[in-house]
Structures are given as structure tokens and as C-alpha cells.
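Several structures are given next for inspection.
After this come two complexes, each holding chain A, first together with chain B and then together with chain C.
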Partner chain A sequence: MVCALGIEGSANKIGIGIIRDGKVLANVRRTYITPPGEGFLPKETAKHHREAILGLVKSSLKEAQLKPSDLDVICYTKGPGMAPPLLVGAIVARTLSLLWDIPLLGVNHCIGHIEMGRLITGAQNPIVLYVSGGNTQVIAYSNKRYRIFGETIDIAVGNCLDRFARIIKLSNDPSPGYNIEQLAKSSNRYIKLPYVVKGMDVSFSGILSYIEDLAEPGKRQNKRKRPQEEEVNNYSQADLCYSLQETIFAMLVEITERAMAHCGSNEVLIVGGVGCNERLQEMMRIMCEERGGKLFATDERYCIDNGLMIAHAGAEMFRSGTRMPFEEAFVTQRFRTDEVLVSWRDD
Partner chain B sequence: MMSQIANKPNESIIRVPFATPRLAEIAYKVVSVDQEPRRNFVKKTLSLENDVLVVHFQADQVKSLRTAITSFFECLLLLQDTINQFGDSKEDKLITESIDNAGTHSGSDSA
Partner chain C sequence: MSLEILKQGAEGRLYLGDFKGEACLIKERFVKKYRHPELDTQITRQRMKAEAKASGRCLAAGILAPKILHSDLNTHKLYMEYFNAAKTAKQFIQETVSTQTEDEAKKCLLEFCKRIGEIIGKMHSNHIIHGDLTTSNILINPKGGDYEVILIDFGLSHYNQATEDKGVDLYVLERALLSTHSEQPYLFEHILAAYRTACGKDEQAVLSKFEEVRARGRKRTMIG
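Coming up: the complex of A and B.
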């Protein structure tokens, strides 16, 4: 029986979760929301997290009806992510670990998403599509590693969406991706955009530049002059949102399908913040059903970064005997999914 | 790293007292984990004097000294807040009091 507290703060969300033997006891979170047109910067995000984290630790313990001595392990996100906000979680995790005399465990953020998705959906051995503001990966499990089959070669899919939302000044509340999704529902006019799949990998930065030109004609005219007739278009924001979603999600469905075919798998699990987009889930479900497969997805409580996923992945690691010396409780901006030995799976 | 710092470095010594030697030792362990960024050319030496945490910074440039001290203080303040709110194992009890959720530009959800 493992009872774990998890602290996640790798991007603009700060979350604390408590889990005991796969049972959710608490999952609280706060999001740093910037004004429309602005992204979140490391320093300001860290400041937001510093102000919120201790209150969240208290709320989570209260919600779980636990005292500190009921915990077996404290888990925090070791990486990947932005260093200053990551460090906020790490400092509090280290301090609590020593104050309460409870072991400390650093968890890979991507592994947290995968294990949380498996726990909530019950998917056994799925192809995992991990899509968020910082990561875009197609992952399959083999021989004690989560192996990356395909990934983005430049920016993450969520970053592409977030930046497009900034260009057209959509609100960041509750999230830019959510607002794009809602706006896209009011259009079905497809504008042809570049479609960039390279083998198993995808690229989004060129699509972003292209659609930026369509959204704000003439703004980048010094860089690459387009023919005059294209300078004026009557594309609405909804048309652009719709077309952007359709194009980039189709790319993701394509590489996921290829990974399924290669691995002979008939399960797909979508995790990460973009994973709660219902249009992406719908497109993926159609592909899965055509192949006789099944789609597993979760809602925003577990898709979007949360402390619970760190608690759960940490609990699995702890249960299988993983321990971490205190001196190794640092954070690292780069930490690939396939660096972690998956000691808790026997298949 | 020391070899990269000039003979006449800019220095700063910060002495931070804690309520008990145990808390000072916790603080020492917590801040010991993080290395200074390599290209910063700052040498940070930590030591304990009973209930006082002593931090000695040496840097080539005043600017890098300031950067190192600023980020150290950010960690230190968070650490002290954590100790104040959760320290001294007397706090090992169920939390029942109401929690004030401060913080601007923040969206909250009970996920």
C-alpha cells in the first residue's frame, strides 16, 4: 500500500495530488493565466507558483483527510519543463521530505501523463499520443521503456495552438486551446494549409507562419512577399481555427495510425493538455474504429498537467523499489521519456 | 570552477539563522542540491554553524554575483515559508482550518 503526494509545476499549472493504491484522494491545481496576446514567461510563472504552492499542499491534505505521517513518498516533477517553475516544486518537495522524514522521488513529467492515462482509462498496452504545450510524441511501450516512435521536429502542437491564439488575441482563460476549439465549432470552411508529416515525425512551425500570414496579411510582408491577391482574404477567425485544428490533428492521427500498424496494437491513449480537445478525440476515434481498435482518452482533470499524475507515477516507481538519493533531487529542463527504466511493468 | 574565478573576486557572505540546528540542517540540505549554472562563473560554498546557514558567494562580475544571490533568496524564502507552515512535527495533524487562496492572474479548479 503506497500513499503518495505529487507536486507538478513544469509549466503554467501548479498542482498537488494525493493518491493511495490507485484511489484518488485529492487533486488540486491553479493555472497562471496571462492576458490575451501574451504567453507565460519562466520568471513570472515561478512567482505565481511560489504564491500558490503552499496553500495547495494544505488544500490537498485537507481534501484527502490525511496527516503528513500518512504519506509514504513525496514525488515532484524532475523534468522536462521550464527550470524556474520546476524548481519551485522541487524546493518545496525537498523541504517537506526532510521536515516530515518521508522519502523523495523525482518523476518524469511525460511518464506521469502516460501512467495517469492508463490508470484512469484502464488501457493495458496502448500506443500513446502525448500532446501538450511542450511535447508532441507518439510512444509505444517495449522492453521496459516507453519508446518514442515519432515526435515534433520543432514546436509542440499545443505551442502552435497557443501561439496562434495569441496572434488572433484569444483569451488564455481557461486555456487558449479551449477557446480555439470553441471558435472552430462555428465554421466548416476549410482553408488549405501546409500538411507536414515527415516519416513518423511532424512539424508545426511552418504551418504557424503560414496561418499567421493569413490572419494578419501584410504584417510579415518584408519576409516573404505573397501575391497581391492573397493579401486580402475574408477568412474569419473561426475559419482559421477550424482549418488549423483539422490540419494538425489529421497529421497526429496519421502518425498514430502508422505506429498502431507497426506495433500491431489496437489501443490508442491520448494524454497531455491538447488531449482534452474533443475534436482531436473524435478524429482519433474514427480512425480507431475503422481499424477495429479502441480509443482511450480522459477529461481535463487528468489530461491537463496535474499533481495527481506525478503522485501516481511516483507511487508506481516507489512500489517497484525505485529510490532516489537526496542529492539527486535536482530539476532538469531536458528529460526524455525513454530515459526512464519502467520498473513497475512486467509485460 | 574555482580556477575560472579571478584572484580578486567579488564576494558576499550571507548568514541565515534558523530556529533550531535541525531546521538549519534541513535548509542546508535543500539548497545544497542545486548547482550554480556552469557559465555563470559563480562559486557558492555552503556551510553550517550550529543553527546558522552560511553561504559564501564568489564571482568574477558583480552582475553574476547579483544573479546568483537573487535566485538563492528566491529559494530561501520559499524554503522558510515551507518550514513556517509545515515545520516542527507538531503540525502532524489533520488540516481543518479554512485555506485562503491568494494570488492574482490565477485560475483555480478542483480537478
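Coming up: the complex of A and C.
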């Protein structure tokens, strides 16, 4: 029996989760929401997290009906992420560990997503598409590591969506991606955008510049040829959202399919914040059906960053004997998925 | 006509068939229903054309690639030369490692890297960008007591003299080797060494571009 408390605060979400042997006892979260047209900055995000975290720890323990002494391990996100918000989680985790005399474990954020997805969906050995604001990776497990087969060579897919939402001043509540998804539903007019797949890798920065131009013609000093003015003027925001989604999701589905063919795998698991987009899930499901495969996906409670995934991944590590000396309880902004030795899987 | 389906690859289905009495491989890029129809048509046509063009360019440059016998844009089918005894480089590496002693396997793989590197170098010196260099897209075809290396799957390929595209091509290969053949981490450096001998006068420029693309990947901020 491992009972773990997990603290996640690598981006604009601060969440605490408690899990005991795969059973969810508590999962609480607060999101730092910025005004339309603005992104979240490290300093302000950290301030938001500092103000929320202690209340969340208390409410999670209350929800789980546990005392601190019932916990076996305290887990926190070690990276990757923004340093100031990460530090908030790490400092609270270290303090609680010393205060309650409970072992401490740092967890890789990406591994948290993967393990949570596997737990919730029951997928055994899937190709994982990890899509969020800061990451875009196609991952497969082999020989004690989660190996990255494909990824973005510039910005992440969520970053591309968030920045586009900022340009057209969409609300950040509950998330920019969600609002793009809703707006896209009211259009079916497809505008041709660049489509950039390089092997199992993708690139989004060119698409973003291109669609920026369409959304705000004339704003950037333009050296390249621009589509004709009158054509630009009658693209609605919904048309742009629809076309952006159709294009970038098709790219993601394509690289996932390439990885499936390359690795000979039949299962796909989508994790990360962008993973709760229903259009992406639908497209991926169709692709899987065409190949006789199966899709596993989760909803926003587990897709979007949460403390539970850190607790669960940490519990798995703890159960398989991983321990962390207190001196190593730091945070790191860059922490690759394939750096972690997957000690808890034997296949 | 009944066709024997060989495999469903990432791009389409592969069948064994015949073209004017000659056995051939038929690659059908079926309609992908997940994509917007307009995007799907555009991508399919573009890739079929790219594949046919690159094959011709490679053969003209003395690089082995399947000959395209016929292409039909309406049914999305490409009829090409079939190598029935060939296996993919991925299988080749795995079999070599599992059937030979460590020293023998390494010796054999180093020779293999040299050949792959030279071929990719030659391809780049002719400004052909493959676009999807993985060990699944390189065939090893036995010939006499030896083998020849054949490049396949040119759907993402294009013709470009820019060093950027060559750099990205190398980066894609490096990543594919690291993820698929993590037990043999030495493969890429030997391929690169052979590549440098064969890639022509742009060697320095391509290599520094490659370093740049690599750094782009690594420096990227990764926020959850």
C-alpha cells in the first residue's frame, strides 16, 4: 500500500492530488487565468500559486479524509516547466516532508501524464501522443525508458494555439484551447495553411506566422507575398480556428500513425492539456479504426495538469524502490522524458 | 483483380500485384477520413508526385530506389519495383545484434553505417531531401554474398539546395536512430562520418546547420 500526495505547479495550474494504490482520494486544482490577449508570466504565476497552494493542501487532505501521518510519500514536479512556479511546489513539498517526516520524491512532469493516462484508461503499452502548452512528443516505451520518436522541432502545439488565441483576443477562461475548439465548431470553411511534417517530427512556428498574417493583415511588415486583401477580409475568426485545428491536428495524427507503423503498435494514448480536445480525439479515433487499432483518451480532469498524476507516478516509483536524497530535491526547467529510468515497468 | 495485401504502412496500404506482366508493389494512399477532404487530396497528390520524382532523381544520380512503373493519381496508386528478398534496415540491425557476437555485430554494423552515410551524402550532394529518414525506410537487399542499400518512401521528399533542409534531414535520422536503436548509440556518428566524405562541397555549411537544428530542439523550453 502506497499512499502518495502529489504537488503539480509547472505552468499556470497548481494542483494537489492524493492517491492510494491506484484509487483516487482527492484531486484539487486552481488555474491562473490571465486577461484575453495576455499569456501567463513566471513571476505572476508563482505569486498565484503561492497564494493558493496551502489552501489546496488542506482541502485535499480533507477531501481524502486523511491525516498527514497516513501518507507514505510526498511527490512534487521536478520539471520540466517554468522555474518560479515549479519552485513553489518544491518548497512546499520539502517543508511538508520535513514537518511530517515523510520521504520526498521529485517526478518528471511528462512521466506523470503518461502514467496517469495508463492508469485511467487501462492502456497497456500504447504509443503516447503527449500534447500540451509546452510539449509535443510521440513516445513509445522500450527497454525501461519512454523514448521520444517524434516531437516538435520548434514550438509546442498548445503554445501555437494559445498564441493564436491571444492574437484574436479569445478568453483564457477556462483555457484558450477550449475556446478555440468551441469557436471552430461554428465553421466548416477550410483555409489552406502550411502543413509541415518532417519524418516523425512536426513544426508549428511557420503555421503560426502565416495565420497571424491572415488574422491581422498588414500588422507585420510583410516581405513575403500575402493572400489578396479582399480574401483576407472575409475570413471569420471561426474559419481561422477551424482551419488551424484541422491542419495541426492532422499533422499530429499523421506522426502518431508513422510511429505506430514504425514500432508495430496498435494502441494510442493521448495525454496532456491539448489531449482533451474532442476534435483531436475524434480524428485520432478514425485513424486508429482504419488501422484496426484502439484509442485511449481521458477527459479534462486527468488530461490537464493535475496533482494526481504526480502522486500516481511518484507512488509507482516509490513502490519500485526509487528513493531520492534530500539534497536532490531541486527543480529543473529542462528535464527530458527519456532521462527517467522506468523502474516500475518490467515489460 | 484480387490483390494480396502485404502491409498497412503509415502512408497507405501495400499490395503485391503486377504491371504489364511484371511483378510489382502497389502502394495505395487511401483516403484518410480523419483529414479534411481538401487537405487530404492536396497531401495525397503532393506526396505521390514527390515519390515518383525523387525515385527518378535518385536513379539518375546512381542511388538505388524502387523504379516507379506507373502512377495513377485518380486511384491514388503507385506501381513500383518490388524487392522480394529485401528487409528493412531496422530488421537488419536487430537481427545482426541478436545473431552475432558483440564484436562481429559491431564490425558488420560499422560497415553498414559507412554505406548508409555515403548514400545519404550522395543524395544530398544531388540536393535530394528524403524527408523521412528512418531505419524503416532503408532496405537491405541481398545480392550475391553481399547486400545493396535501397532508399524507399520518398513521399515527404523534395528537391532543395538549402543547407537547412539537409540539416533537418540529418536531425530526423539521428532522432530515429536514438529512439529505435538505443542499444547501439554509436550508429549515427559513423553514418555522419561517412556522410561527410560524400556530401560534396557544402559539407561545412550543412554540418553547422545540422548543429543549429539540433540546438533548436534542445533549447526549446518545455513547460508542462
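Everything below uses one rule, namely that the second predicted complex is superposed on the first by the 337 of 347 C-alpha atoms of A that agree within 3 Å, B and C clash if a C-alpha of one lies under 4 Å from a C-alpha of the other, contacts with A are read in each partner's own complex, and residues count from 1 in each chain.
Operating definition for what follows: contacts are C-beta pairs under 8 Å (C-beta built on N, C-alpha and C of every residue); 3 or more make two chains touch, one makes a residue touch a chain.
Note that the structure is predicted; figures quoted are calculated from it, not measured.
Trainee: Would you sort A:R291 into first (chain B), second (chain C), both or neither based on which partner it touches?
Mentor: In the superposed model, A:R291 contacts chain C only, not chain B.
Trainee: Quick check on the superposed pair: does A:L66 touch chain B, chain C, both, or neither? Answer first, second, both or neither.
Mentor: In the superposition, A:L66 touches chain B alone.
Trainee: In the superposed arrangement, does A:N27 touch chain B (first), chain C (second), both or neither?
Mentor: The first partner, chain B, only.
Trainee: Name the residues of chain A shared by its contacts with chain B and its contacts with chain C.
Mentor: The answer is that chain A has no such residue.
Trainee: For the complex, which residues does chain C have touching chain A?
Mentor: Touching chain A from chain C are residues 8-10, 30, 32-36, 38-39, 42-43, 90, 131-134, 136, 156, 168, 171-173, 175-176, 178-180, 182-183, 213, 216-217, 220-224.
Trainee: For the complex, which residues does chain A have touching chain C?
Mentor: These residues of chain A touch chain C: 8, 10-11, 77, 80-82, 109-110, 132-135, 140, 142-143, 145, 147-156, 190, 192, 195, 197-201, 246-247, 250, 253-254, 257-258, 260-263, 282-284, 286-287, 290-291, 305, 333-335.
Trainee: Under the touch definition given earlier, write down the residues of chain A that touch chain B in their complex.
Mentor: It comes out as residues 15, 27-34, 46, 48, 50-55, 57-59, 61-63, 65-69, 87-88, 90-92, 94-96, 98-100, 173-174, 300-302, 304, 306, 308, 326-330.
Trainee: What part of chain B is in contact with chain A in the complex they form?
Mentor: Interface residues on chain B, with respect to chain A: 26, 29-30, 32-35, 74-75, 77-79, 81-83, 85-87, 89, 91-96, 99-103, 105-111.
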